[in-house]
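Take this structure, written in structure tokens, and hold onto it; I'll ask about it next.
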Amino acid sequence: MNQYAALLIALPLISAFFVPVIKSLSKKVVMPFLVLVTAVQTGIAAWVFNEVYSSGKPMIIMAGGFKPPVGINLYIGHFAALFVLIIAVTSFFMAVFSMKAITVEPKDKYVMLFLLLMLGATGMIATGDIFNLFVFMEITAISAYALTAYNKTGEASEAAMKYIILGGIGSSFFLVGIALIYGSLGTLNMAQIAQLAGRMNPTVAQAALAMLVFGLAVEAELFPLNAWAPDAYQAAPHPVTTMFSAFVVKAGLYALARVLYLTHAVGSWGHVLKLLIVLGTLTVVIGELSALRQTNVKRMFAYSSIAQVGFIAVGFALGTQAGVTASVFHMVNHAIVKALMFMAVGYVAFELGGVNLEDFKGLGKTMPLTAFAITVGAISIIGIPLFNIFWSKIQLILAALKAGKTGVIALILGASLVEAVYYIRLIHTMWFEEGDRDRIKENLIFGTIMLLLVALIIIIGVAPNFVWNIVQKAGADIYNAAQYIKNVPLLPGVSP
Amino acid sequence: MTNCIQCIEYVMVLVMILAAVFAVEWKDLLAAVVGMAAVSLVASILFFFLQAPDVAMTEAAIGAAMSAAVFIFAIKRTQRYETEEEERPGWWIRW
Amino acid sequence: MSISVYYFGAISLILIGLYAVLVKKNLLKILVGLSIMETGVNLLLISIGYIAGRSAPILSEGVGPNQAVDPIPQALVLTAIVIGVATTALALTVAINLYETYKTLNIEELRRLRG
Amino acid sequence: MVMKRVLAILTILIIGYWMASALANVPFGADKMLVGQYYLNHVKEQTGAVNAVTAVVVNYRGFDTLGEVTVLFIASTGVAALLWRRKKERTAKSEGSIVLTTGARLLFAFIVLFGAYIFIHGHLTPGGGFPGGATIATAFLMLYLAFSAYEIPHKSFEVTEGIAGMGYVTVGLIGLAIGSYFLFDWIWQTWGWGHSNIGRLFSAGFIPIIYTIIGIKVGTELTGIVDSMVKEPKEGGE
């Protein structure tokens, strides 16, 4: 029965391939088809989530019936089950949003790319083989390139070009890293790499890990390689921006954390963590300072999103279980909040035609529901108690305190202060400045989705324990490499 | 005899690196693409030496032929010469 | 420190490609650089899988399981080549779109046109 | 300007030195196989393929290949989406010479046949779905170059591409239903067809089927990319 979780991969694939056939029958059903597929995917993801959390055991899917390390296996543990569900739900919401928000032709191609982006992120999170991770990363990246440029404006093409160039460098580096690991261990399976990691020559291991970190930094939006992100977030279609922020970057971060924690037995591990902490800190600082200067709200949210990514990376770089768990918690909260905010801002852009700060004047009167949603999201990101991000920031601070890294605490508090400045400015513009537009009738379905997300933010903010329990299991899943090795049924004959 | 085979390897690698340098430095993009295809072709011969005939075939068919073709179509729809510096007289003979 | 001529060639290709990506101003040139980089990485993978004195991993008559080179890097490179050409095609398409909007492929000029 | 160049060269030299020092610890030409040796030892009995690379690509690491096919599909979809205009046409001005056009007509069938040969024999000889498909695409590329007005039938190409992809996933799902593993080789392992035929065409389970699907898919996708790039928007068609 467990093997049926392979449908998580098979369903989006076969549906994407089915789109050209559907299109030749009728062009109108393409968008509803997308909603249907994402709904079914959500159902499968919910089943997988329930199965993994009720049994407490990960699902190991062996492609072709070959046991790892001979065949490729998918590893849907506590983390993957949680995030696969988040990916599916976000995709479902964004599919509904796309029905209206996407006006540029050819829509059938958009649907295919949308499904494959979802597939790529799901695969990145689920896979248990390092080269397969590369393949899924490329699926995600290439569909993201195409979707970034989808609007065919000059900005969109330029953003996509930047993304492609950085992504190309990143994927070459990642492959060199894989080549080095393969050359010294003779295997590509992540569990076996973890098992044998101690045998690696420290020089090789250090170079390989640094290469992998740089390769993944493009998808994970870490500092030297994230120049594409603000442009791409701004120029991509609104549902796609939401998906980038909610799960594409998360998939990259997860892959980073997974690869790092599996190889913690190598001699030069500490150096790589130091590298990551530096990258994360720079990401936060540059993201927050750039966000402060923006007048385009979508771009401002993009920089804010990048800064949050920096927090998550720093949490992973602490090297303790508390840090990893806090990071995972932040990932979940950030996914919810940023899904809400990018959707709201996309809806504003759709109705008003622009997202500069001036357009937001008096939004509280013209689109009260949307303005309310943005306000809740903003308050939550700043880290005000009774909203969800407060708890994850507290957990990050506690983890840093335990790890003895006081600099990280200062970083988080300082960044929150900067966030407060620009978000309160936005809130002020929305509610207390007069606009010259009439009230717009807001779409009921989008309003419901936004209210659902708002409710989620407040529920987690008031009673975090339920989610915290889930997240603790997910964090342990990443941190505990020994358990990971034990969970994967490695073929006994294939070991040195 | 083994020395001679090694000579061929050295020469091939040298040719490949030279082609790569030319591909990067030539101002005429069409020539640069030909240089890139040459890199791929020599690499595919090296793949043969390294006992990887499958890869050699794929590299020759996809890496060299297809990607060069796609590049050439793109050049046809954009521009053929790189304009890196200000245009000075005789800029087309420098590379 | 001495390394094989194949490693040397592969590293050189990666570095030359990286140089083009970092320094060149023309978008197509940058993409040529990326393509060369990918070829270098592929060569590196294949040379890691090579075992001296063994033949190709096609186990027809006369080639036993202990007389063939490692098949895995070859399978990986097959995948990597196809991914490379896919990226290249998409990148060139984006470059064409850029050219149709701005009438230039020079990244400095693009930056200036956008202001 | 010179500064930037020098900086770039320095960075590159550092990276190069670093990579070289790591590679010095990965000896060239030494036997480093772990999983690879397992493949070589068991490839014939487990998959029936003589060409171990093919067995790795299609059977052992089938998931990668499915992803790879998807990547190419994304590329062709993306290229078509980004170059989508309301009206497009070919702009070649001169028709090829009589020698070229006649030659192209004659050669076309042979090249397609050769491509098909390559992917059908993927489990026996070097080659397989990807070079085979690329060969087929070159046949169409030749037609584009020889005839100034040639166009592929788009609709049917797109549908073929989609159906071939669905075929691949369906083969995998049949494996899930019969052998309870996704991408399970049910023809070889459950039905046991072709065990007496190792080294001949009718063996190796679903490898020839999958390679045929891949060949068709790669051929149509690469042709689609070429088609999208050759045609330019019609004046005023935007």
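Per-chain numbering from 1; labels A, B, C and D assigned in written order.
Throughout what follows, a contact is a pair of C-beta atoms (placed from the backbone, for glycine too) under 8 Å apart; a residue touches a chain by one contact, two chains touch by 3 or more.
Bear in mind that the values here come from a model prediction, so they are computed numbers and not experimental data.
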Winner on C-beta contact pairs when B-D is weighed against A-D | A-D
In whole angstrom, what separates the CA-based centres of chain A and chain B?
-> 38
Please work out the Cα centroid separation of chain B and chain D, and write it as a whole number of Å.
-> 22
Whole-Å gap between the CA centroids of chain A and chain D = 30
Separation of chain B from chain C, taking each centre as the mean of its C-alpha atoms, in whole Å | 11
Going through chain C residue by residue, note those that touch at least 2 other chains and give them in order.
-> 6, 8, 14, 17-19, 44, 47-50, 56-58, 68, 72-74, 76, 78-79, 81-83, 85-87, 89-90, 92-97
Give the residues of chain D that touch two or more other chains, as numbers and ranges in rising order.
-> 19, 21, 23, 26, 32-33, 35-36, 39, 51, 53, 61, 64, 67-68, 71, 74-75, 78, 82, 126, 128, 130, 225, 229
Could you tell me which residues belong to chain B and also touch two or more other chains?
-> 52-55, 58, 62, 66, 70, 73-74, 77
If every chain is a node and every touching pair an edge, decide which shape results: line, ring, star, complete or other.
-> other
Chain C residues touching chain A - in the complex, by the definition given at the top = 14, 17-18, 21, 27, 30, 34, 37-38, 40-41, 44-45, 48, 72-73, 76, 79-80, 83, 86-87, 90-91, 93-95, 97-98, 101-102, 110, 114
Within their complex, chain D touches chain B through residues 51, 53-54, 118, 126-128, 130-131, 134-135, 137-138, 141, 222, 225-226, 229-230, 232
Within their complex, state which residues of chain C touch chain D.
-> 1-4, 6-8, 11, 14-15, 18-19, 22-23, 44, 47-52, 56-60, 65-66, 68, 70-72, 74-76, 78-79, 81-83, 85-87, 89-90, 92-94, 96-97
In their shared complex, at which residues does chain B touch chain C?
-> 6, 9-10, 13, 16-17, 20-21, 23-24, 29, 32-33, 35-36, 39-40, 43, 46-47, 50-55, 58-59, 62-63, 66-67, 70-71, 73-75, 77-79, 82-84
In the complex, the residues of chain D that touch chain C are 4-5, 8-9, 11-13, 15-16, 19-21, 23-24, 26, 28-33, 35-37, 39-41, 43-44, 50-53, 55-57, 61, 64-65, 67-68, 71-72, 74-76, 78-79, 82-83, 124-126, 128, 130, 199, 218, 225, 228-229
